[in-house]
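Two complexes, one shared chain (chain A), two partners (chain B, chain C).
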Partner chain A sequence: MDALSAVLQGLPMTITLTLSAFAIGIVGAIPVAVGLSSPKLPIRLASRLFVDFVRGVPIIVWLFLLKFGIQIGTFKFNPVGAAIVGLGVVSVAYLAEIYRGGLQAVPRGQGEAADALGLTRGTAFYSIMVPQAFRIVSPSIATYLTGLLKDSSIASTIIVTEMVFQSQAFARQHPTVEGILPYILVGVIYIALSLPVAYISRRLDSRMRKAVYA
Partner chain B sequence: MTLAQIADGQLAPRLGIKLDNISKRYGDHVVLDDVSLHVEPGTVTALIGPSGAGKSTFLRCINLLERPDSGTIQVAQHTIQPGKDVNSRDLAALRRTVGMVFQSFNLFPHMSALKNISFPQQKVLGRSKEEADERSMQLLERVGLKDKAHQHPSRCSGGQQQRIAIARALALNPGIMLFDEPTSALDPEVGLEVLAVMRELAADGMTMIVVTHEMQFARDVSDTLVVMADCRIIEQGDPRAIMSDPQETRTRRFLRAVLER
Partner chain C sequence: MTWLAEWAAYLPQMMSGLGVSLLIAGVSIVAGYPLGLLLSLMVSTKNLAIRTLGLAVVEIGRGAPALVILYLFYYGLPKFGIAFESITAACLALIWNAAAYSSEIMRAGIQSVPRGQLEASSALGLAQHHTFFRVVLPQGMRSAIPGLMGVAIQMFQGTSLAYAIAVPELMKSAYNIGSQDFNYLQIFTLAGLCYAVISMPATWITVFFEKRMARHT
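Take a look at the complex of A and B:
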């Protein structure tokens, strides 16, 4: 059971990385999504550039750039900081695209009705558009979260001591058949972590559907 | 209490509206060509005509859901020139004065019927939740849907949804109501319950502008019939007179198509 305890040592870090990056993404994506659907061309263009630029580069490259490529005065990213910021910024870009899709999927008549009633832009956005968009995109967000959980393993490449890093360390110290064991264990743990997310998301989705559309 | 009195709440004044020289184009495509219409307080104006004539666009220009390229809108001491910058105070006043009912209802699907009607009152008129709910219930009762108050729109039939939508618009005490083909998405039978509510509203003296294909309603209920074709108003006047003796050949052709089918 050495292998299991070695892998489990990385579990808190994996969860920290995933949830921190996800939190940054969930909040940070809101202004970007608004920018993506802005009627003003420069804003739309800038948001679009940001999203495509961030998504166009592999996460591993972002992490190396942040970890080794950035020095402002005496400030340098530590591995965990670089991983959280890197995964966070990538999440902002992906989730912004998901949000934008959701907002555009809300029927146009909804915004027109809000306008005709004299609701302000802000009220229409937060009370009419966002709740409907959220119902549309909540499954996609859950899918992204499970993806992010697994992508957090890329942080092992910049020496963040999460689960995959711990598995590798254990494997290196046990270059026998036993060395394969931590990888099997880590795989099972990732599955065990993904399942509840998928389950909760399905429950949430069907409950919202029942409440509104049934 | 009549529907309009409930709609009034504190008895909003009956308002008229003057639209002058409204023009609208999308690129090179002209949609409205210098259209003017004056509506007297407390009257019902029916807007008919072939599809593509610009009826709906014209109606949507009245509350600036579409922004005309030029023209003047005068309502409740406000003069708005949509071709120029419209300040937010005038726009808010216009939208508060003018209620609108859509062909596709556009109720908010994530809110109950009651909240659909109460939420705008709270946000636009600053009413408390209790005040708003009380009025919403009055209106729901009036359109015969009190028992649907806590249902979401998707649990209601099209006709019920449209009546809820009418209640939602009335709850804000509009001086003028716009109807954009309110029965076109409904079965003919279900449409009747919506028309009944509209007739009642008209009888109570609400100023109404109605884009419709319901000729019977246009003839019986409206005070003025306006015929639009090719982006212009080609004829307007007493509905019975126009229907029995249209002056324009285009009107005659259209009426023959809708009345003698």
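Take a look at the complex of A and C:
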């Protein structure tokens, strides 16, 4: 199984890209989501424009822009850096939209009750709104993570040595029928990798449902 | 101002690239949605063999990255003597993608039609195919519209991946210009704006439809 070992050589990089970009997105999306649900119109509008613009441009364009377009003094992105930052920024936009949906889905009464009990706005937000919103959006976040895993394959176009890049390298060295193998294998590996994420998400979701309703 | 002048000079070449992108997106949607409907019916059927086949096609189309499917068509199949032009391979890969994603949305739409509609149809003595095509499908498709518009936007953005197999679409045009003049920042910014100018209003229209339909239910 030369093809399999060739493809698996790229697996650590695929996982590194996915998790690094996901970490950037999970944290970075918080202020943007707060901006999206701000009562002040200019802040809301600016956040909305940011999110829609980032999502409106394909990932491959962000990666090429960062890899080839950015040069500050002697600083240039290496392929991995460009891929992580690019996928990270895109994750910020998508996750901010998911967070906003979750915050909006928390019943209004919760905020009003927190107000009536005299909780400060910060406490109400972090202890009342955010935990409930997280329960609502955790399946969407898991879905986004599996999407991000697949999108990390686009990094192969800026020569990041992840799984799809390794598949191509193998296919080029094997111009026979064997050359089709890595593409099939890499497809199967992506599907296999998304399964545990879906499983953990379902477990987490049902556990939190129990915590709320039991 | 120099940026604007350069952009104006590049615009004709970029526009021909954009035309190719829109063509691929259009083909993948026009062929992908009917296939998606077929897949959603296959997945909902009682026949195990047909259901398994439908599920496999849907899960591969959704689970494997579009880029991998693209490479499979362009580099993989020629090894069995089935060769495509790059643009055909791009269309086929995105059709598969569009069909897989839209089938799930259509299935959810069809399932969202209340049972009472079926019961009413059978009380009225409608034949099964009439029930499906005249009662269930129109209502199910209606609620699937925003999701299907989302898939269309996703497909338009997905055409940028065809760059990887040298289809002369928008991204490839940008790259060609960039590697001539080494002004990557300007050219990829322009490419991003070209995509955004189409995707952003399309997203806003989708959100508008979503809100309108939420109001009616």
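Brief remarks follow.
The working rule: the second predicted complex is superposed on the first by the 213 of 214 C-alpha atoms of A that agree within 3 Å, B and C clash if a C-alpha of one lies under 4 Å from a C-alpha of the other, contacts with A are read in each partner's own complex, and residues count from 1 in each chain.
Basically, contacts are C-beta pairs under 8 Å (C-beta built on N, C-alpha and C of every residue); 3 or more make two chains touch, one makes a residue touch a chain.
Keep in mind that what you see is a predicted model, and the values were worked out from it rather than measured.
By the touch criterion defined above, A:115 reaches chain B but does not reach chain C. Within the superposed three-chain model, A:43 lies out of touch with both chain B and chain C [touch as defined at top]. Greater residue coverage of chain A by touch, when chain B is weighed against chain C, goes to C. Of the two partner chains, chain B is the only one touched by A:127; chain C is not. Once chain A of one complex is fitted onto chain A of the other, the partner contacts of A:8 are absent, as it touches neither chain B nor chain C.
By the touch criterion defined above, A:177 lies against chain C but remains apart from chain B after alignment on the C-alpha atoms of chain A. For chain C in complex with chain A, the touching residues are 59-60, 63-69, 71-72, 75-77, 79-80, 157-158, 160-161, 163-164, 171, 174-175, 178, 184-186, 188-189, 191-192, 195-196, 198-200, 203-204. Chain A makes touch with chain C in their complex at residues 52-53, 55-62, 64-65, 68-71, 150-151, 153-154, 156-157, 164, 167-168, 171, 175-177, 179-180, 183-184, 186-188, 190-191, 194. Across the complex, chain B is touched by residues 107, 109-110, 112-113, 115-120, 123, 127-128, 131-132, 135, 211-214 of chain A.
Taken together, the chain B residues at the contact with chain A in this complex read 63, 65, 92, 95-96, 98-100, 102, 104, 106-110, 119-120, 123-124, 152, 154-155, 168-169, 172.
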